[in-house]
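After this come two complexes, each holding chain A, first together with chain B and then together with chain C.
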Partner chain A sequence: MNDTVGIVIVSHSKDIAKGTADMVRQMVGSEVKVAFCGGNPDGGLGTNVSLIIDAINDAWSAKGVAILVDLGGAETNSEMAVEMLEPERRKMVVVCNAPIVEGAVMAATEAAGGSSLEQVRAVAEELTAG
Partner chain B sequence: MTLQFDTFKSLVKEAAEKVIASAPELTALDQAIGDGDHGTNMKRGFEAVLSKLDTISAQPLDEAFKTIGKTLVMTVGGASGPLYGSFFLAAGEALSGKRLPEDLADVFGSGVNAVSARGRSHVGEKTMLDVLVPVLETLKADAGRDDLITRVRTTASEAVARTKPMQATKGRASFLGVRSIGHVDPGAKSSCVLLHAVCSTLEARQ
Partner chain C sequence: MLETSADGPFITGKVRLVHAVGMHARPAVKLTKLAKRFQAQISIRASETADWINAKSVAKVMALRAPRDSVIEIKAHGEDAEAAVAALIDLVATDFPDTGA
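For the complex of A and B:
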């Protein structure tokens, strides 16, 4: 199976989310699916559960999806979005406890090698442990 | 105290309008110790609830709670969306097969547990739980008393005031450490605004 874990980037700012996704694509290439979202439902700074759900579905892979977030509300809204997915998809999505830019690059690099969702998460979260 | 459908509609309307009116105050509190968006976020969420008022008030109570919860989750745009949203989703879930006002403490307690789980937070961390948990205790201790509404109102006011000297250990305010001391928590305040609106509506109906 050639599938790789998908990466979702959720920031309060759409610019940060897009910039992070650009960096991932340049550094890791296009074999890993990367989706991003940022901004509240009015387009201001914040996060939006329905955009997060869309991003998860865009980045969907049979191996699952790893989400990288910036601050509190992005994490809470991402966890909410995961719970609102179809039941069989919920257990295949993780929210990583890692810095958003470094975490996304490390997670995507690991994903590109065909690693499992748990391996991808572990690599991203090593950044926090250090 | 019996909860009629027209009462429920006024409860939702009054609570939403009071939160919307308090948006500048909530934002000012959040600018002191958070990221300054609590007022605008709550306003956006409860304006969306108001726009669905006719649908909500035509639904069975448990479904109505879930619609309110889902609307807040989808429209608030900050952590308070999933937190308040989870309260209403869990309370709606708990409502099926229960009766109000007899089972009010049970239903409210399910909502409070959901907030605690969603935020991985507990009482004493300078959050909305510092209002919700004392109010739950009043609902349990004073169930059936004639002055229950007054007691809930007082409990909520006192509980908000008690967040002022607390140091935040959860949420954005925790970044400030000891500098979070001396400010009322915005989430505790919005919970109090909602509860007071419910109390006022019920008192006016008595």
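For the complex of A and C:
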């Protein structure tokens, strides 16, 4: 089986991040690597750059990683996490402009077929293009 | 069923949607994933008057919102078109079983 693009889910809430990851695994299957993170170290709401980097590493694939985020800081912290990766890995990670749940399911469906990172991102972003 | 058009032969088929809630999220994901395993161009529609949509686009398949008992039409064009139509008909007719994939 060819490698598939990995999916990272970043929410302010760990429950939302985990629930979204569960939906992806149950609806799409286990052939796509999915990692998630959410909440701050005290158990409250928030996002954290080092946890996002860990999630990117967990979902890492030779084909790259697509990140789905919820609000504001999830996006800026994800961008910061991408900036902190080694230059050659940095260009293989994208933050998708898509709703977190729908985008994650659609991105993973596209990834499962062995599509490239750009195709995966385009499918996730189809929802916002309309 | 075989049809021909200016683009060459199309394999076509029809199947009734027996899934209790119609073509919702999970069936749409399964249909799209299966369609992507084939090289053929595959289109589907849920009524004779609707536009054909790309069966490999999960967003479009989900947006079909086909209710239970709709007849899904499938047409495919390409080398493995026949196998693709047969596989998709089987998926819908068997109510989108979990394959454990």
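FYI, the second predicted complex is superposed on the first by the 129 of 130 C-alpha atoms of A that agree within 3 Å, B and C clash if a C-alpha of one lies under 4 Å from a C-alpha of the other, contacts with A are read in each partner's own complex, and residues count from 1 in each chain.
Methods note: contacts are C-beta pairs under 8 Å (C-beta built on N, C-alpha and C of every residue); 3 or more make two chains touch, one makes a residue touch a chain.
If you're wondering where the values come from, they're calculated on a predicted model, not measured in any experiment.
**Student:** Who does A:27 touch here: chain B (first), chain C (second), both, or neither?
**Tutor:** A:27 sits against chain C, while chain B stays out of touch.
**Student:** Between chain B (first) and chain C (second), which, if any, makes contact with A:72: first, second, both or neither?
**Tutor:** first
**Student:** Determine, under the contact definition given at the top, whether A:113 touches first (chain B), second (chain C), both, or neither.
**Tutor:** second
**Student:** Based on the superposed arrangement, let me know which partner A:80 touches: chain B (first), chain C (second), both, or neither?
**Tutor:** A:80 contacts chain B only, not chain C.
**Student:** Of the two partners chain B and chain C, indicate the one touching more residues belonging to chain A.
**Tutor:** B
**Student:** Taking the superposition on A as described, I'd like to know which of chain B and chain C A:47 touches: first, second, both or neither.
**Tutor:** first
**Student:** Now for A:127: first (chain B), second (chain C), both, or neither, which partner does it touch?
**Tutor:** In the superposed model, A:127 contacts chain C only, not chain B.
**Student:** So in the complex, the part of chain A that touches chain C is made up of which residues?
**Tutor:** 27-31, 105-106, 109-110, 112-113, 123, 126-127
**Student:** Considering the complex alone, what residue numbers of chain C touch chain A?
**Tutor:** 25-26, 29, 32-33, 36-37, 56-59, 62, 101
**Student:** Which bits of chain A are touching chain B when the two form their complex?
**Tutor:** Where chain A meets chain B, its residues are 40-42, 44-50, 71-73, 75-77, 79-80, 84.
**Student:** Which part of chain B faces chain A closely enough to touch in the complex?
**Tutor:** My answer: residues 35, 37, 40-41, 44, 73-79, 81-83, 85-86, 118-119, 171-172.
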